[in-house]
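Everything on this sheet refers to the single structure shown next.
Chain IDs A, B and C follow the sequence of writing; residue 1 opens each chain.
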Amino acid sequence: MAEPLKAGFEVRLANFTGPFDLLLGLISKHKMDITDVALATVTDEFIKYIRRLQELGEEWALDEASEFLVIAATLLDLKAARLLPAGEVEDAEDIALLEARDLLFARLLQYKAFKQVAAILSGTLESEARRFPRQVALEAHIAAMLPELVWRHTPEQFAALAAKTLAPKDSTPEEVGLDHLHGTPVSVKEQAEIIGYRLQHGQPQSFRALIADAESTLVVVVRFLALLELFRDRVVAFDQPGPLAELTVRWTGRPEGWSSDNMSDEYEQSHQGEEPL
Amino acid sequence: MSEQETGGDGLAALEALPGGVRAALEAVLMVIDQPASAEELAAGLNVTVAVVEDLLEELRQEYSGYTVKAPGTDVDDSQGDMDTDARTSAAPRGFELRNVAGGWRIYSRADFADVVGRFVLEGQTARLTQAALETMAVIAYRQPVSRARVSAIRGVNVDSVVRTLVQRGLIEDSGTDPESGAILYRTTSYFLERMGIGSVAELPQLSPHLPGLEGIEEFFDAERM
Amino acid sequence: MSEQETGGDGLAALEALPGGVRAALEAVLMVIDQPASAEELAAGLNVTVAVVEDLLEELRQEYSGYTVKAPGTDVDDSQGDMDTDARTSAAPRGFELRNVAGGWRIYSRADFADVVGRFVLEGQTARLTQAALETMAVIAYRQPVSRARVSAIRGVNVDSVVRTLVQRGLIEDSGTDPESGAILYRTTSYFLERMGIGSVAELPQLSPHLPGLEGIEEFFDAERM
C-alpha cells in the first residue's frame, strides 16, 4: 500500500479509476442493486477509503479529489435522510435531497454503462491486435518513381522549425484562456459605478438585468464583486425568495451621498502593481 | 464510379498481363500502407468500382479458404461451394483481406499472432490502461466531445489520459466548441482500424447498458456546463 | 538452427491450426518489412531450416503460378488436381516471394510496376507536409530517437509520417533501443546533402531559438510512459 506514490491520484487509487468506480466497487461488494436506496450503507466505506487516500497522499491532488468529496457529501446526505424518520416530502430541502440522489444514481448508471462498453472495446482491441497489417517500405523500383523531393529549407530555417516543434507545449491548452483576462482590464470600481448609477436612478433590478449587457464572463464576475462591495458599504440590499431564485438588488443608500471613491478599495489595492484584473 | 463506367480500356490492358486485373489488384494491395477504398483502387487500376468490388470480395473469400472461380468468371458461387471442401484452396492462407475503416488492407491471420509477433515488434502497442479505455469509450460514444464533459462522466480529471490517447493516434482534435471554446475530440480512422470496424456506427450499442436513461445526455449537458 | 533440429513440437502445434506451418510462414512473410533468412524464419516458427526451405520454395513457385501440391496434408489432391490446371493457382499472383541478399520477403510482382507506381504516385507531392517537416526536425535534433518519443514531443501519432520520411530516404533505422526494443531513427547522408551540410554536428545550435530547454528531454520522458 505504501509504495512510492508519484504518478498522481489514480495510482493511489490502486484498482479504482475514479469515484464512480470506487462506488460501483463497493456496491458490488455488498451485492446491492445500484438503484437501491440502501446505497447509504456504503457511505462509511467510501469515506473511510477517501480518508485513507488522504493519509497516504503527500500532495492530495485537489482537482481530482474534489469529485470524491462531492460524492462523499452526497452519500452522507443520503445516509442522514435515511436515519431520520420517514415522512412526507415537505420542504425544498427534501426535494433537493431527492434530486441529489437521483443525480448521483443517474451519473453512476451512466458511468457504469461506459465502463461496460469499455470492457467490450478492450476485448475487441485485444482480439484485433492479433492481426498485423501489412505495412512495408516501398519497394526500391517503385520508390524510384517518386518525384525528386523539393527541399528549400536552409539550416537556419530548419533549426527555427525544430526549436518551435521542440518547445514544450502547454499541457492543458484548453484551460489557458487567460489572455483575455490580461487583455481587457475590468475594474471593480468602474463596474460599481455603473451599477450604482443604474440603481440610484431606477427601480430595483434583478442581478440578471444588471449583467444583461456584460460583454464577457469577466465583467459578470466583476459586477458581482462590485455588488458585494456595495453591500458591505451598506448602500444596496438583496432580496431572494429561495436558493437559486431571482436575486433582486435595491439601492438603500442616501440618494446622492455615495461615490465609488468612498468605496473600500481592497480590490484595487491588492492588485496594484499587477496586471489590471 | 461514374466516368469509367465501361472500364474497357483499363481491363483490356491489364488482362494482357499474367494474372490479369485480379493479380494487378493484388500487386497494389502489397504496397499500400493504409486501408485503400474500392474507389481509390478502381481509379488506380483504371477499371470500374464494380469490377474492383467483385475482385476484392473474391480475393477475400479465396484467402479465407473458400474456393472461388478463376478471374472474371465470379458467377457460380453457389455451385463452387459444393465441391470446395476437400481441395487445396480450402486451406486458408496465412493472410486475409479485410475491409476496415473504409478501406481494404492485407493482414496476417489472427491464428498466427504468436508466431508473427516474434517477427513484428513494430506496431505492437502496449495495452491501454483501464482509465484510458474508459476515456476512449466516452469519446467514441459522445464525439465530438470536450475533456470537461468526459471528466464529468468519469468523475476524474482526464487531461493526461486524453494526451496519451492523442499521441497513440486513437483520438484527435476536431475543432473547438463554438460556445465554450473548448477543444473537441473525436476518434481517428486508426481507432477504427484497431477495432476492425468500418465506422463508429458499427460500435456496439450503448443503450442496452443504459436502462431507461435515454434523456441522460441532455440532462447532463444542461446540468454541467 | 541447432537445438530444434527435430522440429517436432513446433510442427505439431502449428499443424493444428488451419493452413498449418505453411500458412504460418505466409503470415510472417506477409507482414515483415525487413527480409528474413530461412534460419530466422525457422527459429521463429520453431521448425527445422529444411522444413522452412521446402515451404519457401513451394510458396515461391505457387505465387508464380506453378501448381504445387499442398504440404504434407494434401489428402484429396489427386482428385482436386484433375480440374485444377485451369484454375487460380495456375495464374501467377500479384505478389512474389523473393530471396534477396539472403533474406526472404514478399514483393509486388514486377510485371505490375506500372500500375503499382501509378497508384503510389497518385496524390504524392514533391514537397514534405508540415507534419513531415516537424517530425524530421525532431529526429534531426534528437537522433537516435524512437517513434514513441517523437510522438510524445509532437503530441500526435507519427507512424505514417515516419514511414514517409524513410521512404524518402531522409531518415533510416539505426538499430533498436536496448531497453524498450523500439526502433531508433537517425538522419541519412541524403538528408545532409539536401541540407547542404557535412554532418549533423553542423546543424545550427538550437539554443538561440530555445533558451533554457536543456531539460526538455527528461521532461517529456518523465511525463510520458
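FYI, contacts are C-beta pairs under 8 Å (C-beta built on N, C-alpha and C of every residue); 3 or more make two chains touch, one makes a residue touch a chain.
None of these values were measured; they are calculated from a predicted model.
Asker: Starting from the Cα centroid of chain A, hunt down the chain whose centroid lies farthest away.
Answerer: Here the answer is chain C, farthest from chain A.
Asker: Taking every chain's C-alpha mean, which one sits closest to the mean of all protein C-alpha atoms?
Answerer: Central chain: B.
Asker: How many angstrom between the C-alpha centroids of chain C and chain A?
Answerer: Computed value for the inter-centroid distance: 46 Å.
Asker: Suppose each chain is reduced to the average of its Cα coordinates; what separation in Å results between chain B and chain C?
Answerer: Roughly 21 Å, centre to centre.
Asker: Where the centres are mean C-alpha positions, what is the separation of chain A from chain B, in Å?
Answerer: 36
Asker: If you look at chain C, which of its residues touch at least two other chains?
Answerer: Each of 30-33, 107-108, 116, 120, 155, 163 in chain C touches at least two other chains.
Asker: Show the residues in chain A shared as contacts by 2 or more other chains, in ascending order.
Answerer: Residues 132-136, 138-139, 142, 171 of chain A touch two or more partner chains.
Asker: Which residues, counting only chain A, touch chain B once they are in their complex?
Answerer: Touch list, chain A to chain B: 8-10, 17-21, 61, 63-64, 67, 71, 103, 106-107, 109-122, 124-136, 138-139, 142, 171-174, 177.
Asker: Once bound in the complex, which stretches of chain C touch chain B?
Answerer: Touching chain B: residues 14, 17-20, 22-33, 36, 40, 44-45, 65, 69-70, 73-77, 79-80, 84, 86-89, 91-95, 106-109, 111-112, 115-116, 118-120, 122, 151-152, 155-157, 159-160, 163, 181-183, 224 of chain C.
Asker: Once bound in the complex, which stretches of chain C touch chain A?
Answerer: Residues of chain C touching chain A: 30-33, 105, 107-108, 110, 113, 116-117, 120-121, 124-128, 133-134, 137-138, 140-142, 153-155, 163, 166-168, 170, 194-197, 202-206, 209-210, 213, 216, 219-220, 223.
Asker: Sort out for me which residues of chain A touch chain C in the complex.
Answerer: Chain A residues touching chain C: 132-139, 141-143, 145-151, 153-156, 158-169, 171.
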